[in-house]
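Please find the structures below.
Next come two complexes built around chain A: one with chain B, the other with chain C.
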Partner chain A sequence: MKRFVLLTMFVVSSFSSQINVEKKIYKMIFSALFPSNSVVKVWSDEPSKTFIFASMKKVKLVKSQNNADILMLYHNEEIDTNNKIVFANGYLVFQRKKGKAVGGFYWQKGRPNLIFVKKILQKKGIVLPDNLKKYIEDIK
Partner chain B sequence: MIRIFLLYFLFFSFFLKAESLDIDSLLDSYRLKSDLSSITKSESNGFVEVFTRDDIERMQARTLADITKLFTIPFVSRTNLNSSLFIKPSQQQMPASAIRIFVNNHDITATSYKSGSMICESITLDAIDHIEVYRSSASVEFGNEPSSVVIKLYTKKALREEGGKLRVSMDSAGSSYVSTYFAETLNEKTDYFVFGNINKIKRDTYYNQNYTLSSDSSNRNFYGNFNFQNLLFEVGYFQSKSDPFLGLGRAATPDGGGSEAKYSYVHLTQKLENGIKLQASVDYVKSDEKMKDTSGINAGNFGLVTDFSMGTVDKVYSFIVDKTYKVDNNSFYIGSFIKRKQVDVSGLFDANSIDFNTYYNLYSIYAENKYIFNKKTMLVASLKGDFYRYEKYIEDKNEYIFRLGAIRNVNSFQVKMFYTRTYYSTPLSALYSNNTNVPYKTNSSLEFMQPTLYSFGIRYKTDSNTLNLKLSYIELKNPIKYDSLAGFYNAEHESYMQYEASYIYRFNMKNRVSLDAYYGNRNDDLEFSPAYGGHLVLYNSYRKFDFFNMLEYRASYESFGIDVASSYDWTSSIRYNYTKDLMIGLKGENILNKGYKQTYKSISSSIPVFDRKFWLNVEYLF
Partner chain C sequence: MKRFNIIYFAFIFLLLVSIIYLYINIGQFEEKTKDNIKKVIFNNTSYFIENISSIIKNDINEDLYTTLKKNHKLRNKLEKQMETIVTPSFKYVYMLYRDNNGRYRYLLDGSKDDKGVFDTKFDVNKDEWDKVYDTKKPNVIYQDDIFGLWVTTLSPYIMNGKVVGIIAIDFSTTLFKYMTEIISPLKEIFLYIFVSVLFLFSVIIYQVIAQIRAKKDSIIDPLTHTYNRIFLRDFVTKIDFYNYDIAMFDLDYFKKINDNYGHKAGDYILETFSSIVKKNIRDKDIFIRFGGEEFLLFVYKKKKNRSYAKETIVRIRKSIEDYKFKYESFDIRLTVSVGLVVEIQKYKNIQEIIKKADERLYKAKHSGRNRVVDSDNTINNDTIMVNKLSISQIKQAIDEDRILCQFQPIYRLKSSEIKYYEALVRLCDKSNNLVYPGSFLDSIEGTNIYRDMTKKILAIVFKKIANQGVNISINLNLSDIIDSSIYEMLIKEIRNNQDISKFLTIELLEYEDLDNNLLQYRLSEIKQYGVMISLDDFGSGYSNFSVFESLPIDILKIDGSLIKNIDKSEVSFRIVEAIVLFAHNLNIKVVGEFIHNEEILKIVKSLNIQYGQGFYLGKPIDDIF
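And now, the complex of A and B:
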């Protein structure tokens, strides 16, 4: 394992700053959706992303979606969302989960997009802070 | 001029130092840091320079030629037939095969067409995500034919697009440029991307002895890919039609004619679960040159002719297999390819005609190992054997490439050293002409050019500053020359030194300034082109505006008895992002009209490589 880390050292160093920004974006999303939680319990369907959530402060990565506050979905597979808050991390996932996802963070038109869905926010009784209100869209 | 740049520099120094931390800025920062070059770039493949998607967009670059203006060594110029050529400082033109252009994994090359580097002006960039330029490379690691400069163009990924773009540009001379692309992911394993472009480029017209030297051109491009699981199917098409410019006549007095090339390819890439990558491709290139010049066009054994018409049809079939795997601290890359390159040549020279065809097979096997010596040091070794088997009258050739390199990172410093022993393949048009020696006096016993490169570079990098120093020494064995009486021949070996320095200061993610300078010196101290030069480049953003400014300087030089003054090329772009989806831009090229001029053997004055032009550019994302 140590050797593998050494071998990939030259390649992965450029990713670290990208991941740091990604963490900041997730932190902002979690703080907005769960303003009163001291720890946000996160479940993800993408194994390669779990290390990001596991390394975030005030975030706990859980193995079962039943124990999660939020489901971070990267794939289209049908899963039991169990009335949990769903966040889509891909364009296709967001399209597929339109009736369920509270928001999406995905690439479109060559840039990352952040969207919160008005209908789901109202349904879940979530009020976003002022700095995120311009990302709310009235998607049917 | 200098005062304007100084004021501009001071404005961005004092007002843009602080980086905004709002959410839009965070998303923009994520976009910039997620540039796909962070995945594709390989430091061990040579000295690499990256032009990110953001750079290309802020430059409002249309073609690869816009990017090559930022190159230090080599820099771009144009041939007497209005195609691109690359020159090293002090030198005459580089062999076309010394520079290879790849679109993803596909080498833009052919049998007689030599190299994609000649069609820089035709390769449009709206389908391209980012560009990597590797120097001091042996290109073993790219699994293809040899070159010392590799330009890798990576197309946009459907996964990041999910939509399309329409771009319309017009310039002050009446040129027009329209391009569009669309991308969609159908499901997690299937996506596609399609791109199309048409453009008509109007160039300044010059006159020689009452003959018009026109170089207007029109181009059409198409690119498409379909990705299913680990299978990638790509289709590319370039069509370029140009007026003759100087033509081929001895006195550059063209009386009509022109050149046209149609280049198409399909490329299939399959990645297997065990790490093996299989590639198969077919290239088809149809090229025609029709020239008329009463001063006489040299047509080899037919002597001087007035009407010169030649067509070639190239077909290239390639099959490549390679694999990368890791053992302990080693990353091994092994591969092999087989290529068949064939050409059909037909020509009419006044009343005399030629018609012949030939082919050769190229078998190649190669291996590379990247060894991590310790946390700070990587060693690289590459070995490649290329075996040429010709159909007719040309002796088989076995060529070998050997490369050693070391990269060491110490705190903010990175040191790179490469030793490369490689060769440049000689085009068939110099080796074989069916005994007619038309239109060139060929030489079937030509030896391939064999450069040996010694390169050393040091980089100092902090969050805001990057300083690069680079030194290269090149020995060239068997340089190939052409003489209208003797034909192609191998000349005495040459050697060359080149020095490069660059400094980049980043105010923040979207604002930076860079300075570079270069100098090249031949062993015989002759100068055929500017010996030194440099760039001042500024990328800036302010609110909804993006700015790009480049001032390029090249020293005076004397060639073919013509004195050429120092050149100053100021290129400037302003882009207004009206909404996230609609951009309106203005771009000025060679604004001072004092840009680089090229000398030619057939004419007694120098001619600008880039015209003074002003473009209006509109881009809409949908």
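And now, the complex of A and C:
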């Protein structure tokens, strides 16, 4: 019983702390990519992650990619990005989508990792604030 | 008991300290053990890192980054070799380098999960990693939480004296969790014991404080903030009373303050009096409220000044005399009488000294008050002579049954028959000489000894009435009827002898300004048992005709000073004549005393005085036959 309680506590606490980190990073990403938007419209291909965006301030979760400002992708499936800003969530997804994605966020070895792709940023005419410039990678 | 309390207190305190010590030690043990585990982990990872370093050195002699970038196969080979040390504890084994922008990128990654790709960026704790590059020394990063420990061991890979990469091993262990599981209950047990003992200790401290406070309250008089009798009882057992001169104070006419201004004024006077005394004494002098308006002062003897106590007491008496007690709009003047005992060595115990102080206080009172009596023999401005039997001698006489009565007959003048006898108290001294009341009554008035003597006289009189069937009168002061302790004894004796109480007459003396309502009530109660009430020595002193209005008087005894001169003084004659006429009108019988010759007897008879007493008629006799 005690083990079960401890395990539950561990899972809940580590999960909630991980979500909090993710929320902070997403907030930072959205305000960097859309500095003038009062509300950022987000579409995600992973239903289980939508609650994170739904709970964020100044973020609106939309059901159609067409209505979105940014597409948050967790899967490798090809979708019609319709020239929208794409952001990869996961290492493998980022590797696969790095030609399209403006950046990627993933956990590796228990550490949060953030990357912005220089080529795509330039293509989209996005200038990141100084605090995020260290995450820009010149990926060819 | 007191020593036991200290031991008990010390034991609990020691227990508390021991528990705190053990609790702290367990915490230290936990920290020390954690440190040791960290050292073991570091030693183990160091060993693995050395192995990895030697493997890489075997295959790469030139620029590390370039070699690995060019040789994909070599990377795979080295990563496979690194993978061999990966276990559930050594979860990630990898090697990073710092690029020109200060970002860390993968060189090799032997991890089975979350494997990084060569030359891709990996976000790490940059400051800690930079230390390794800058110092060329290993670094260990600990991340400790309640579930376990994460350790990242960083070791520089140096080529040609330059750090070209960092080999990292991420290690995780649940040892801490298990250790915490073992130690936590122990810590909790000690914590519970500590809290319990602390609570017990607090209760004991609270009780000790409460006990001290209660003890202090119990020995301090709440009104005057002086010590009380309870303190005195304990104090006299602890001190060497030969070191003190002892004085007894009594405020003069204090009752009148209460009667005239109320009890609040009385309380104010007592409080102010106490503070005046306290200002005049030292810390080592002890001031005690002995009861009511009586106080005891223990003045610590001064070796160089034997008259210090007397000087102090006289100064206090003077201060009180000069002080204007301001109560509401009234200025009240007050004096104090003091009995002082300085020849302490003459007495066996403290009780005797207090009794002596009481005797001297009594003398001070009966010599005009507002004075200090410090001797049985001398008199001056602040002292008065005392030359009668001491209280202890009187008490001894009562205890040894040396109190007796003589009986003087009182005649019915018309028939020359004895109407009743007046019992006259005498004390038989140790030499068998008769001592008359003038030598002992004053000394014991207002004391328990006086009550005991009255009880003795009543017993003698009732015995005589029972044996002889004659009427006998005894003398009491009006104030004795007011005094509840004497009155209660009197009424009890009358009740015990109620079948013969009708033979008793009480002659009342000293018509003071007393509570007439209480007197009336008590005398009426006495009369219910058939006891006759006589007013003695009427016509002199404070005699007041108004007493007849309130008190149930049966007999009036005209003062002897009027009768003994009645044959020579026209004024005495007229006064007696008026008194007799007045008494007859109220149907009160009249006694003429001091009839010491035939001429006086004739005049008394001519005035229709019913009863006569005097040496001419009959001297006091030792017994009635």
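In this text, the second predicted complex is superposed on the first by the 123 of 140 C-alpha atoms of A that agree within 3 Å, B and C clash if a C-alpha of one lies under 4 Å from a C-alpha of the other, contacts with A are read in each partner's own complex, and residues count from 1 in each chain.
Assume a contact is a pair of C-beta atoms (placed from the backbone, for glycine too) under 8 Å apart; a residue touches a chain by one contact, two chains touch by 3 or more.
Quick caveat, the model's predicted, so the values are computed rather than measured.
When the two complexes are overlaid on their common chain A, residue A:22 makes contact with chain B while staying clear of chain C.
Among chain B and chain C, the chain that touches a larger number of residues in chain A is B.
In the superposed model, A:137 lies in contact with chain C only, and not with chain B. With both structures placed on the common chain, the touch criterion links A:115 to chain C but leaves chain B unconnected.
Looking at the shared chain after the overlay, A:75 reaches chain B, while chain C stays out of its contact range.
Applying the stated contact rule after C-alpha superposition, one finds that A:48 touches neither chain B nor chain C.
With the contact threshold set out at the top, residues 6, 10, 91, 107-114, 135 of chain A are in contact with chain B in one structure and with chain C in the other. Residue ranges on chain A touching chain C, taken from their complex, read 6, 10, 91, 95, 107-115, 134-135, 137.
The residues of chain B lying in touch with chain A in their complex are 22-23, 26-27, 29-31, 33-34, 38, 41, 43-44, 53, 156, 159-163, 165, 185, 187-188, 326, 328-331, 370, 372, 374-375, 378, 407, 580-581, 621. Touching chain A in their complex are the following residues of chain C: 91-92, 94, 101, 103, 111, 114, 116-117, 121-124, 147, 150, 170.
In the complex of the two chains, the chain A residues touching chain B come out as 3-4, 6-7, 9-10, 14-15, 17-18, 21-22, 24-25, 28, 75-76, 91-92, 107-114, 131-132, 135.
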